[in-house]
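Across the two complexes that follow, chain A remains constant while its partner is chain B and subsequently chain C.
The block that comes next holds the complex of A and B.
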């Protein structure tokens, strides 16, 4: 799992590459947590995430919950279609604010 | 909060760090600090080994014997530290005597499923040919039961208001005409929720969704050569695991989340979810069956055996689960509590439930501990419990199933007599009268809601086939047409099977409408079979358990084609839901009155207020009268039945004041005049008589 971090238009963009599963979920969670603070916006760009396991999904939802608690805004963009479908049928998708592209997300979050 | 002080390893096995486990709960528990607790019961095993696999690997990467000191009584319990629960499949090996005559069949080479497994892998994708060389084809996996239900609440539909739709998960959307993204899955059903709303269904009853092996029969269709599968799934391998092959996400092990997402959305739409549970037998069959779990864990505990160690067979499938052994009983109760608390299930239908009332030696019990325990279980307090009150060992308990004021029953007598009434049999009128008003002869004390009324169910003919076939035609099942029931009480209306004869087809439509009209005006709880609402045919096959094809699948394109029947169903359901008098939860009688002149129930013949109860009579009028509790509005409904093949005129009971009879249903005419929308009932020009076509039913409302 690689995570590239960049600030764009006042939004912290995290671009993930690889698989989010039980072996990488914790690392993803820790990295995301560092950016969660009141009134910050964090965008998770999942364009390069090929695989999201049950543990991975749960990690993302935990991050979302932490963001809610501290008053940060989280959004997810560019989810590959098959992953979005898994998130949808398992009922997870509705918990996230999602956008088709990183630019769409920034236009809304910025 | 400080951590527990006892969560550190005390033992080692190779590189694994271990600790004596917690015996309860049985199965797997994830402990804080990355330990996983494994706990399994066996009374007769001498030793137990935990077997660990990497997902998909053919051979295990570890076998960890439970140290003797980790056994408490009959429970082996062990914590293993530093396991990744997602990256793991597991099973148990049990050592002990091979002494079949004593009921013990231990084989230390077989990796057994955890009877408390919440996920089972091995049949993750429906119909995917299993690897015949895999020595351990089914394994347990660890599930995170942390689905976020948010504010989900059970709809708590009063039982008298239910319209139960018995359905098959895969069959509902597998047909190409379903146009769903994930055909044949839980997700597919979720896409079709608007359909239930449109039809008026407020409860779906799913045929078994506990894990089973669809490949268990090595049989082929003798005509087409098609591989036959166990499509229905009345053959559980594990009682806590939801069927993976019914999930679009089964290949990811996310079937539990997918199923829960379905339940959550059904609840948001006020639709209840019932499961058909099979606790009478398992997939392991008799002496010649596979050993996947129970037989190898502790055969003598889990199965009813005779004195020579052979399997007693009250289920007709080879073995009988030993339901009233205290340990088995607890497993059953644990699993039901699990389905209610973790999956938010609203009710259960128990397959061959009479077996659950048998003692360990098979004797029927007057006060069966299992059935009693379920009736009074605190978690199941609001859960509907429905017994299929018979078994394959000759026990038939319709009307006498031990109910403790809690259990309802599939009313098999209702099914049989209504079929015979509709097809025009003599000598049934007296019993029909009982069945129409909630079967007071069977449920006088329990009330009509103890009666789940149905005319068709998965077992037996579809509604269309009930009036298209005199005999079953099960050749495609590969059993020489010996399988399936012979007591169909069906009638082909003149020609066996499909026909172009418009008169016969017309009659069949009328017969279907008659049957469903009776069902929806009867007191009790109506249940319909998936597909009957558009007149599905299985071409005379009355036992499609192995037909994973168009014989079974719901064909969405036929709704449009057969819209007359479909709309008739929809309007019937609407009528039932509009008039509380059709859904009364108390047993009504003919000697209770509304006001001074209208009995709750009154019977009529060609002359009002007079019925000839002789067996030759095939016509009957039933008037229901009552005030709605909330509005005190009077409900008065007249149901005129002519099951004779000649037309008939019946006098109508007089209405007082300004009330007039209005027509809601007339099965004697083709649609759309066969059923009215609510509020658009036709005023009868003749208020004194009603003309009934041959073999037809009219339903009137006074307003």
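The block that comes next holds the complex of A and C.
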């Protein structure tokens, strides 16, 4: 799992590459949590995430809860269709602001 | 396709997924059916590693093999860990539960069982044998997906 971080238009963009499974979810969570603070916006770009297991779902949910606690805004963009389907049938998709592309997200968050 | 044997640790998950991905390709499954098969394998393997091995303090391996015929694709994971039948751990998972009260964990078995058509657990001597089965549907093959796309 690789995580690239860039600030764009006042939004912290985290671009994830690889698979989020039980062996990598914790590392992803730690990285995401580092960027959560009051009045910050964090975008998780999942364009290069080809696999997300239940461990990944769990981690995203915990991150969203933490963001709500500290007053940060989280959004997720570019979710591959099979992952989006799994997030949808489990009811997780509705917990996040989602956008088709990183640029769409920045236009709304920035 | 030949069986594989991997260590019963989380580091082995990617090897198991790659193996099952290759199985799906050999069976001619389309991307969606292939993703379901890989997801099921990952979730069942994770349960074996966490519950049959780590929680029980046992080290061991997971053997994975596949049987493909005209009707079905059967993937079997066998381990030497403590007794663990995934079907007995399927939790009630209300998918309309809101964020604040949603149980963050426990979704692995739900996803695994909902990604496959059949699941069979057997305790064979000191081994857990988890077999999950996908029945081939007309819309699961690449050719049919291409036909749908072309319409």
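For this structure, a couple of remarks:
Assume the second predicted complex is superposed on the first by the 110 of 110 C-alpha atoms of A that agree within 3 Å, B and C clash if a C-alpha of one lies under 4 Å from a C-alpha of the other, contacts with A are read in each partner's own complex, and residues count from 1 in each chain.
Please note the rule applied: a residue touches a chain if its C-beta (ideal position, glycine included) is under 8 Å from a C-beta of that chain, and two chains touch if they have at least 3 such contacts.
Given the structure is predicted, the values throughout are model-derived calculations rather than measurements.
Once chain A is used to superpose the two complexes, chain B occupies space that clashes with chain C.
When the two structures are aligned on the shared chain, A:58 is found in touch with chain B and with chain C.
Of the two partner chains placed by superposition, chain B and chain C are both touched by A:23. Of the two partner chains placed by superposition, chain B and chain C are both touched by A:89. When the two complexes are superposed, the chain touching more residues of chain A, out of chain B and chain C, is C.
In the superposed model, A:73 makes contact with neither chain B nor chain C. Of the two partner chains placed by the overlay, neither chain B nor chain C lies in contact with A:31. Once the two complexes are overlaid on chain A, the chain A residues touched by chain B in the first and by chain C in the second are 21-23, 53-55, 58, 61, 85-86, 89-91, 95.
Interface residues of chain B facing chain A in the complex, by the touch rule stated above, are 84-87, 144, 146-148, 181-182, 185-187, 190, 247-249, 252-254, 257-258, 260-261, 264-265. The touching residues of chain C, counted against chain A in their complex, run 10-11, 13-14, 17, 31-32, 35, 38-39, 42-43, 46, 49-50, 93, 95-97, 99-100, 102, 104-105, 107-108, 110-111, 114. For chain A in complex with chain B, the residues that touch the partner chain are 21-23, 53-55, 58, 61, 85-86, 88-92, 95. The touching residues of chain A, when paired with chain C in their complex, are 19, 21-23, 51, 53-55, 57-58, 61-62, 64-65, 68, 82, 85-86, 89-91, 95.
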